[in-house]
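Across the two complexes that follow, chain A remains constant while its partner is chain B and subsequently chain C.
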Partner chain A sequence: MAEPPRAGRDPRHATPARSVGGVPPHPEEPPPAPEATGPAARPGRHPLPGPGPGPGEHTLPAEHTLQAEHTGLAGHTRLVERLRTLRCGLRAYGLVAAMWMRSTMTYRASFAMTALANLAATSFDFAVILLMFTHVDTLAGYRLPEVALLYGAAATAFGLADLAMGSMDRLGRRVRDGTLDTLLVRPAPVLAQVAADRFALRRLGRITQGLLVLGYALLALDIAWTPLKAAVVAMMPLSGAVIFAALFVVGAAFQFVAQDAAEVQNSFTYGGSTLLQYPPTVFAKDLVRGVTFVVPLAFVNWLPALYVLGQPYPLDLPRWLAFTPPLVAAGCCALAGAAWRAGLRTYRSTGS
Partner chain B sequence: MVRLYAVVAAGSFRRYATYRAATAAGVFTNTVFGFILAHTYTALWDERPGLGGYDLSQAVTYVWVCQALLMTCATMGGGFEDELVERIRTGDIAIDLHRPADPQLWWLARDLGRAAFHLLGRGAAPLLLGALAFDLALPASPLPWLAFAASVALGATVSFALRYLAALSAFWLMDGAGVLHFSWLAGMFFSGMLLPLTVFPGALGELARLLPWSSLLQIPVDVLLGKRTGWALVHAYAFQLGWAAVLLGAGRLLQSAATRRVVVQGG
Partner chain C sequence: MAEEAIRTADPVRTGGLIELDGLERVFDVRRRTGPLRREKTRVRAVDGISFTVSRGEMVGYIGPNGAGKSTTVKMLTGILTPSGGRLRVAGIDPSRERTRLARRIGVVFGQRTTLWWDLPLIDSYRLMHRMYRIPDARYRQNLERCVELLDLGALLDVPVRQLSLGQRMRGDIAAALLHDPEVLYLDEPTIGLDVVSKAKVREFLRDLNAERATTVLLTTHDLTDIEHLCNRVMVIDHGRLVYDGTLTGLHAIAPGERILVVDLEHRLPPIEVAGARPVRVEGPRQWLAFPASASAAPIVAAIADGYPLVDLSVREPDIESVIARMYSERPAGPVRPRGSS
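Take a look at the complex of A and B:
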């Protein structure tokens, strides 16, 4: 698919600066020192992805690694480098996202309609719950405001992750048609570029309706609030969003291998957010076990929200797990980062 | 002429059949959603047995048959419409208009070929897996299945006619994404994909059952569950055929209005 705003932005970047089957040199992954000095360092070629006019203050990762070897300050330098990469990544993300926002705003009527449609489409999930509650007073032991709390937390968390990283499921297409090469030769972290690709502001719709339902739940619920419970409610959407974002990254890493099978990750992202909108008592024990211990979705909203609601925990889990979602989110990020780097290393271009 | 469209449909079938990994991934996703929704329906029907005229087993069957038909009816997109809108936006549509084939029939043939593949490739496996995991109320004799197949074919035609109308809006708006989104929304809400239309309250339910989208999921599933037999079955077919005729006719009118608007830029 043609992407006019990007093609020909900088013709110098059009030639992939790497050997066939070589490890793509890009800022996120400084190549290890021996390789940079060994046969992989191609003579007569700049060891870096083009000194182009990208984000200005970006420095050369390979040199950094070499420097580290010489000075023996490897740990410190690596940290500095990580931070620099992070800053560079955020900046690249901002630039690409801003470009897509401008591009979206070219067709204003269409944007207004898609944003509204997004809001409506995501509201349908809650409409189903409302329709169900026109026929019953409790669903698997939960009243409507309680289900609304679960729903609001899950929808807001997923909406935030979807806004930030939702475009990552397009990676399989890029791997298939070879347009990922263009991203590899740009002097910015690939992850940031892929995540910001086709940044869709219309996804604010999902966050909006999630927050509305969450607001309704907080008004309608009759809870003896404590500072701790309030903190848990505030934490849920944020740590939940990080867990979902990590899922998006793992899904994208999987696409390096699976390519066409992009839809599998929808089972975990969209499927997961649908699952979390209902109380755990609705589902079979094995399913609850799976989303607690294998894919830690239960930490997005079930465990913290059940603590706030004073509902019994599934699987006899200990109550203190309600406070662990930030830790789980951090762990998910570490795993997702490792998966992403492993996935990126397996990438082989489609050729011509 | 009929041969041409048959070839187009067969080509479209093969085109979708090429992506086996994508099909397997889709089957996986439909199955996961089937499990999630079957559990939520079970929770609801446990509280209210017989809701909407279905018993628990029929309600769970409803979930799995809907998952099997989702892609066939392209309720949430995935059909031809993105491609048609893109061709209108880029101007490639001018080439299509020169072809010795009617655009509407051409795209109808393509979409029916796709629907046939999605019915077999994406529909059969989740239904089978659902039948293994849950107690489904599927008919044992072949006759209800044949009646079901005919109803699905009519539903796919109605679905095409609706999306064709939506896609043609790109001739006026240039970017048809917004209108397509609304067309998918209406499909999601009124087809019975969220909950059976018989569970919708009062006037909303009455309205939903009269709109064309009920042809996509609600009617075929009811036919399979044996809710429509004899004259009720004839009535269901007539309802689907009627909407198909009206919407295809509207598509023809809009198409001739749209083609008069096309200005081919030089170059």
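Take a look at the complex of A and C:
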């Protein structure tokens, strides 16, 4: 979590005797709990000296008063704390991701080849659909541009999530070989460090392809556009990406318990994105129910896109559900966060 | 993960930098006993350990495999949550405020590097610089010092995957020290290193402790590490602290034997020499045991005088044998409180 380093004074630059007890308590020295509202909440680099070096330095009375204040503001503090963790996490994510980008750039040829292969592989994916439409005019009631909209939205959403946290399924391996411990002793949220693990720009290939298909769909579609419909289309890839990202986190959290569950996770993430690339009318009702109410994948593209296309909903659902993906995404994030914390707690009480 | 930054106000502030009071860690181990039946057994990996380490101490934490050493270190670094007892490091409860503690401790896991495999060594340090938000001037100063003392100058631009084990270990130690930790935990820092690298690492740690009063807690299998570095040694076995005192005191309780391995020109009957007893003969190679407290020099001289000596080496007593002796000398219970340091 973001604390300023102990900028001003340093126990090891002082003589040992001084560092043990000689330094008078700093008048502004914050006790640990109020950090959220203390210097660390400020984005500035290192504005204040942080908590003192020695245990002997804390002034007890001040600590008690501040602690009492805190119980009163618990809810507020908690929120501030969460936001601070989030900011610190994003920063750590950026740092670690940058390291991985540099790492991949040490093998330039390999990077170029995997990036191209990635783009090619995902392109073939859509080529199959194109091929299908050379023989039929509609697929379960959907024309090509309509399927392209579904495909493009799902592929872009999944591509974004995959770029941001596609390596989270490696967590099980880190738990097994113990390298997770090296992340736990760093002053940054573990989720951010794990999410940025093996960050790979080659995954931009999938996003590029998704956006191209989406662009084609928007040009080819023959529908009466309204501002609301345009907004829904713009929203789809983003809220969809968040839903997929939450799935990645839940899957990773599960790997704290079952370390070889990477394939289960993949069936939901990669499998789910493939599923969403086709119209819901292709699938059995029970499967559609499952991805609507159990794993809310239908909110990634089906429900909003069907509204835009004016197609009937598969399960007699109300039309306004088309506008709920951001809420569903937020809910998914909350659940994923809880699952992650529970998983990490399990790890920290059982070890590997 | 929002660990709540709550610290229970601690009314008793003793001088210790690391304080353990009845620390416990219990694991439930499930074992399959039948196709569907599973048996749950409780393993007390750490079973009520109490000790205090003052600022500036250098402590060896030793014990056989599975004794609970790394479980203790994991709790001290906040990786594992204790199941009982009280624990403070620099006044912080590690499991509750793991990330806050992280800024004040350095950890080196002997077999798991924190360095970036494909990138030059210096890149890993730059990451530490930013992740720990080390002020620029202090970072430069600490890096310069580590580079000089750990002899890393020529290695900074070399990708980590090309470093030798010893070079990487030195690199890891430097990475753990850039943010000026008050406590340094070293888990088997000399494992697998050659003699020269070992000496370099030990010398550096000694200087660090002397100049900066950095508290060092060292788990090791190598009693020589302890001999060179630590004025205090704690022995843990079956999750309990069985000895806490000086190394000399440990040798007094459990007099270890060193082994002299002698290669002769040809097969001979067991060597007879004062101060050592033959334990094994295998062709031209012979093993002689002598008390760990005695010097090897007169024995070697006597052998060189009377026998066609080709080569020889001395093996230090290992921790397992020291502990085994500890029990055989004093079969009943814990060995004596800490007193002599």
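Keep this in mind: the second predicted complex is superposed on the first by the 275 of 352 C-alpha atoms of A that agree within 3 Å, B and C clash if a C-alpha of one lies under 4 Å from a C-alpha of the other, contacts with A are read in each partner's own complex, and residues count from 1 in each chain.
Everything below uses one rule, namely that a residue touches a chain if its C-beta (ideal position, glycine included) is under 8 Å from a C-beta of that chain, and two chains touch if they have at least 3 such contacts.
Model, not experiment: these values are computed from the prediction.
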First (chain B), second (chain C), both or neither touched by A:311: neither
Which of chain B and chain C A:349 touches, first, second, both or neither: second
Contacts of A:184 with chain B and chain C, given as first, second, both or neither: second
First, second, both or neither for A:275, with chain B first and chain C second: first
Partner chain in contact with A:324 - chain B first, chain C second, else both or neither: neither
Comparison of chain B and chain C by chain A residues contacted: C
Which superposed partner A:103 touches (first chain B, second chain C, both, neither): second
Partner chain in contact with A:113 - chain B first, chain C second, else both or neither: first
Touching both chain C and chain B, counted on chain A across the two superposed complexes: 1, 107
Touch list for chain C against partner chain A, complex: 1-7, 9, 11, 13, 15, 17, 27-28, 55-56, 71, 74, 77-81, 83, 88, 90-92, 95, 97-100, 102-105, 107, 109, 112-114, 116-119, 123, 127, 130-135, 138, 159, 179-180, 182, 212-214
Chain C-touching residues of chain A, taken from the complex the two chains share: 1-7, 10-13, 15-16, 19-20, 31-33, 35-36, 45-46, 51, 53-56, 58, 60, 63-64, 67, 70, 78, 81-82, 85, 92, 95-96, 99, 102-103, 106-107, 177-179, 181-182, 184-191, 340-341, 344-345, 348-351
Touch list for chain A against partner chain B, complex: 1, 107, 109-114, 117-118, 120-121, 124, 127-128, 131-132, 134-136, 138-140, 258-264, 266-267, 271, 274-275, 278, 281-284, 287
Partner chain A, residues of chain B touching it in the complex: 19-22, 24-26, 28-29, 32-33, 35-37, 39-40, 42-44, 46-48, 51, 86, 173-179, 181-182, 184-185, 188-189, 194-195, 199-201
